[in-house]
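Each of the next two complexes has subunit A plus one other chain: subunit B in the first, subunit C in the second.
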Partner chain A sequence: MNDLPAQITLDQWAERYRQLCDGGLREPWYGGPLARHVADGDYRLLRLRYDNSAAALRLWNFLLTEESRLFKARQEGKKIIGTMKDLGTVPIMVYSLPNAIAFYPDGAWWVPCIMENTTRDLSIANSLGIDESFCPVRAMLGAFVACEHFPQPDLLICSVGATCDDFSAIAQRLASVGYPPFWWEIPHRRRPDPDEPAVTLPGGFAAPVSQVAFVKGELQRIRRELSTICSRELTDDMLAAGIRVANRVRGMLRELRQLVFTAPRCPLPALELLIAEMLAIHYCSDRDQTLAVYQDLLNEVRRRVADNQGLFPADPARIFWVNPVADLRAMNLLEECGGRLCGTEFLFCHALDEIPEDVPPMDALAQMALADPMVGSAGDRAMRICNDARRLNAEAVLISRIPGASHCALEGQVIREMIESELRLPVLELEVPPLSDAVGPAIRTRIEALVEAVRQRRAR
Partner chain B sequence: MSVCIAYISPFVPAEWIEAHGLRARRVQAEGGVSAAAGACPLATAFAQCASDRDAVVFTTTCDQMRRMAERCCIDPSRVFLMNVPATWETAGAFALYTEELRRLGRFMVRLGGIAPAAEQLATVMREHDIARRSGAVVVDRGTPVAMVGAPLRREDRWLFDCVNHAGGCVALDATEGGQRCWPAQFDERGMAADPLAELARKYFLTIPDAFRRPDTLLQEYLQREVALRKIRGVILVRYLWCDQWHAQLVRLKESLKIPVIEIDLGGQDYDLPRIRTRIESLMGILR
Partner chain C sequence: MICAGIDGGSRAIKIVLIDGESQQILASGTRDQGVNHDELATELFEKLLRSISADRDEVKRIIATGYTRNRIHLADTTVTEITCHAIGVRRQVPDAMTIIEIGGQDSKLLRLEPNGAVRDFAMNDRCAAGTGRFLEVVAARLDTPLHTLGKLAARSQRPASISSTCVVFAESEIIGLLSSGTPREDIVAGVQAAIAQRMAAMAGRELGEPIVFTGGVALVPGMPEAMENVLGRKVKVAPEPQMTGALGAAVLAARQCVGAACSGR
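What follows is the complex of A and B.
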């Protein structure tokens, strides 16, 4: 069997799957051929290109079976907690309880892409006044009303305050149609005044001690609510254990990212890395399996790096990617245009940083929540992107705008200006809609131009 | 002449600024057709108008205004970004707002203001209360409608004339800057006990707005005022890209059960004849 890394189509995966099975592939219960998900309506899979490893197969199967795993958990009597917007903090609390699992209804923002607009989600959102001027996360509203894509949660927890307006507005609309969330406040993270007690947060941002205390108070409210819903007190010891597992997950992902970004030959495509990063936010509804999926990916990538195996022609342009894309196809496009990922900031770098274990767990979680790049200034976020791009030897930065997202217009400018002035790198800012086929040629041309600019700079 | 503090959000109490011996200037923004796609015209206009003021207070009441604080062309030491919590039902949120007022106070002291004694603050609060309540509400003849939504820029004031010319009258100005954004009357006992706490209570706990979570204060306010003033139609004004008010459109139609139209302000294709026609159509329906 040829185990050289390659990108293959879904059709090619059928033969590859047979080869892997013949070679003794052992899969978890959610395993199987990828093409079966198309029968469930995941038509976008037909247009993507995939890594050909068994580890990537497991990653995709894990991602695409989340819905059935959530329903299974419900049948097993677990409490289903819908966590919204905070991207990483509340799920750690939920998974610290033995009888609860968390998922992000926000994840429905990829439904229009994955299912190529064949569901009712967006038309329902339209009928409720949440039209295409909002971020694609509006699909979440339709998903709730249609009772599709995930079971109705036992509790919804939504962070507001320093969040996107579109998300806050959609969550309020959700409340008005019968799904009131437990609101909690995440304040705008400000820089401490010169004489003010301050804390250095995971990731390096600073925040006033008073803000950490406030967020801790908010998380205490969530803790009480979770304890009530789950009929079990959520103790500090349980939270500390939950944080230790979270750090294990994050440590594995950090190593994976480091290898992918820095290996001389790219050992994992951008699309699979994006999916892998997403798992860290809420463990794709199964913490143990997330660890197992990461372990497989790490083993595969370590092997490829050790054997100097990789994908793509020699010396692709090293691109740092900012913001997640609504259309997964865009990640393939980067590589088709001659680029590779050398760094990412998909809006949730706070969910990748190590959580402090030397402070009480609620303080640690409050620090983590405040480290969210979205709750601070765009300048802070841009600075972190600059530092990472510099450290990872980026040759260009691509900022993908999320259609309708209230933060993108101004934030993109700030990030662009800082990268251009601090790093003097070319920057491309483009908007990627949930289905980018219609604008695909334009996006391709622009990414090709970015790659060409990198090559010209190399030639100088 | 004392330092002038520019602001636009109704959650910045003018009383607190004036009690520090500074001038409070609620900016009525102008212009703001933005070069950046997706950028709020109002936030852009406010940043432009505020850039020649002594100091400016932005608030976190919307994402774009929060981020625009970074883009304002003014010495950063003279820009204050005030955290106004979206949640309002918890003691923690109220305490955060109150603490932000204190932090604003320290900012103003750095600019030359003087921290006010309690009685001094209470006096300014009484003056403002009287001024707010003494403004006689003149209701023109015509079909009563409500104007609801975002703050109007100077060039948007023609909307009121447009309603009048079409045979209506704005019997409820629930835009930001209208009656909706007045704090409830201050309580003498509250002022005697702790005027800053009373100021915070009335501003934070009584002003309804689309950004608040939950938004029940806004819904209850509009239902109450629409019934009281016999409002027959609503003109919802919002700036292009404003999600918070745009999301209210269908919600208001459902809850108020009277005709509601939405008008987009400040886009590059700010289409006055189209807006006029929409208002005339509404008034025609209501006659």
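What follows is the complex of A and C.
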């Protein structure tokens, strides 16, 4: 069996799967051939190219079976908690309880792409007055109303305050049709005044102590609500244990990213890395399996790096990618155009940082929540991107955006200007619709041009 | 040794044939774009070869660029129009530092390094505001041939204020302006200013000079002046601005041939 890394199509995965099975592949309960998900309506899979490793197969199967996992959890009597808008903090609290799992209803924003608009989600959202001018996360509204893609949660928790106005409008509309969330407020993170007591947050930014205390108070409310719903007190010890596991997850992901971004030959495609990063937000409804999926990926990537194996032609342009895309095909395009990822900032870098374990757990979680790039200024986010791009030797930065989606209309420009002035790197702002086939050639041109610009700079 | 550049644009196909050694232009031509991109490009290519009494065998390398570049099968390779315009403009204006290119469907701003390499670029998003298509929509709405828009705009006393962010919005605004009796010349001048403002927004603060305006829209009378007014800088129109992409592709093909194994195709 040829175990050299490669990107393959879904058709090619059928043969590859047979080879892996013949070679003694052992899979968890959610394993199986990748193509079976197309029968479930995940038509976009037909147009993607995949890493050919067993670890990548497990990653995809884990991602695409979340719905079954949620229904199974319901049957097992677990409480199902929808954690909305917050990207990475409240799920840690939920998973600290033995009888609860968190999921991420906002993740329904990928459904129209993955299922190529064959569901009713967007038409339902339209009928509720949340039309195409809103962020694609409006698909979540349709998913709730249609009772599709996930079971009805026992509790919905949603942050407000320093969140984007589109999301707030959608969540409010959700409340109006019978799904009232438990609201909590996250304030806009501000720089401490000169003499004001301050805390350095994970990721390096500072916040006033008073803001951390406020967020801690909000998280205490969530803690009480979770304890009530789950009929079990959520203690500090349980939270501390939850933070330790979260840090294990994050540590593995940090190592994976570091290897992928810095290995001389790219050991994992951009698409699989994007999916892997997404798991860190809410563990795709199974924290233990997230650890197992990461372990497999890490083992595969470590092996490839040690053997100097990789994908793609020699010396691709090193691109730092900002913001996630709804159309996963765009990640393939980067590599088809001669680029590779050397860094990412998919809007939830705080969910990748280590959570402090030397402070009380609620303080640690409050600090974590305030480190969210979306609750601070665009300038803060741009600075972190700049620092990471510099550290990872990026040769260009690609800032993608999705029509209708923006928590800050001018953020792309702020990031662009800082990258240009601090790093003097080419920056491409790229609009990628949720299904980008019709503008595929235009997107390809822009990415190819970015890669060509990198090559010209090298030749200079 | 002949090298060729083919620019398969959204509105027109442009081809330049050059001598691979001297890089002198041997022939150039253009024709309207259609559905069969490959066939149309091949016909124009062969017509140009006939015009200089050359055979296909004499063409050592062909680079295709532009919107339909991947559909042109006689090309040896493809390169984006960003790179090709940079090379083409530099061939004509060796000290160019900023390039504004407005074609039928795209508008671009390129910042160059002193050696001519592309330092950075920006392109319009999906909306056709700020592109040649915008002018076509306006010409159709005003029932005026495209080539006369410039003359019309020159008569304007008070350019109308028109949205620069969306062609559809702008078209609605034009209907409103017409119904309120706004003179056509003021509308056209307003549209030209809107296109220039769109480009200025793309340009940002840092613009090296000389600034060269290229692409088919640079040929529209009044557009260079509108660009200068908005940018507050002198703007130089590239010679034969609609051909710079094809010229750049041909020059790049020649560069790739020099010293490389380009003995035959």
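Keep this in mind: the second predicted complex is superposed on the first by the 458 of 460 C-alpha atoms of A that agree within 3 Å, B and C clash if a C-alpha of one lies under 4 Å from a C-alpha of the other, contacts with A are read in each partner's own complex, and residues count from 1 in each chain.
Keep this in mind: a residue touches a chain if its C-beta (ideal position, glycine included) is under 8 Å from a C-beta of that chain, and two chains touch if they have at least 3 such contacts.
The model shown is predicted, which means the values in this text are computed figures rather than measured ones.
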Contacts of A:210 with subunit B and subunit C, given as first, second, both or neither: first
First (subunit B), second (subunit C), both or neither touched by A:188: first
Which of subunit B and subunit C A:456 touches, first, second, both or neither: second
Partner chain in contact with A:172 - subunit B first, subunit C second, else both or neither: first
Which of subunit B and subunit C A:446 touches, first, second, both or neither: second
First (subunit B), second (subunit C), both or neither touched by A:226: neither
Contacts of A:293 with subunit B and subunit C, given as first, second, both or neither: neither
Touched partner set for A:409, first subunit B, second subunit C, both or neither: first
More subunit A residues in contact [subunit B versus subunit C]: B
On subunit A, the residue positions that both subunit B and subunit C contact, one per complex: none
Touching residues on subunit A, where the partner in the complex is subunit C: 403, 417, 420, 424, 426-429, 431, 433, 439, 441-442, 445-446, 448-449, 452-453, 456-457, 459-460
Residue numbers on subunit B that touch subunit A, as the complex places them: 36-40, 60, 62-64, 66-68, 70-71, 81, 83, 85-87, 90, 92-93, 96, 99, 106, 210-211, 213-215, 241-244, 246-251, 254
Contact footprint of subunit A on subunit C as seen in their complex: 67, 70, 79-83, 106, 113, 115, 117-123, 125-126, 204, 206
Residue ranges of subunit A in contact with subunit B within the complex: 127-130, 133-134, 160-166, 168-173, 175-176, 180, 183-185, 187-188, 190, 193, 210, 214, 217-218, 221, 377-379, 401, 404-411, 413-414
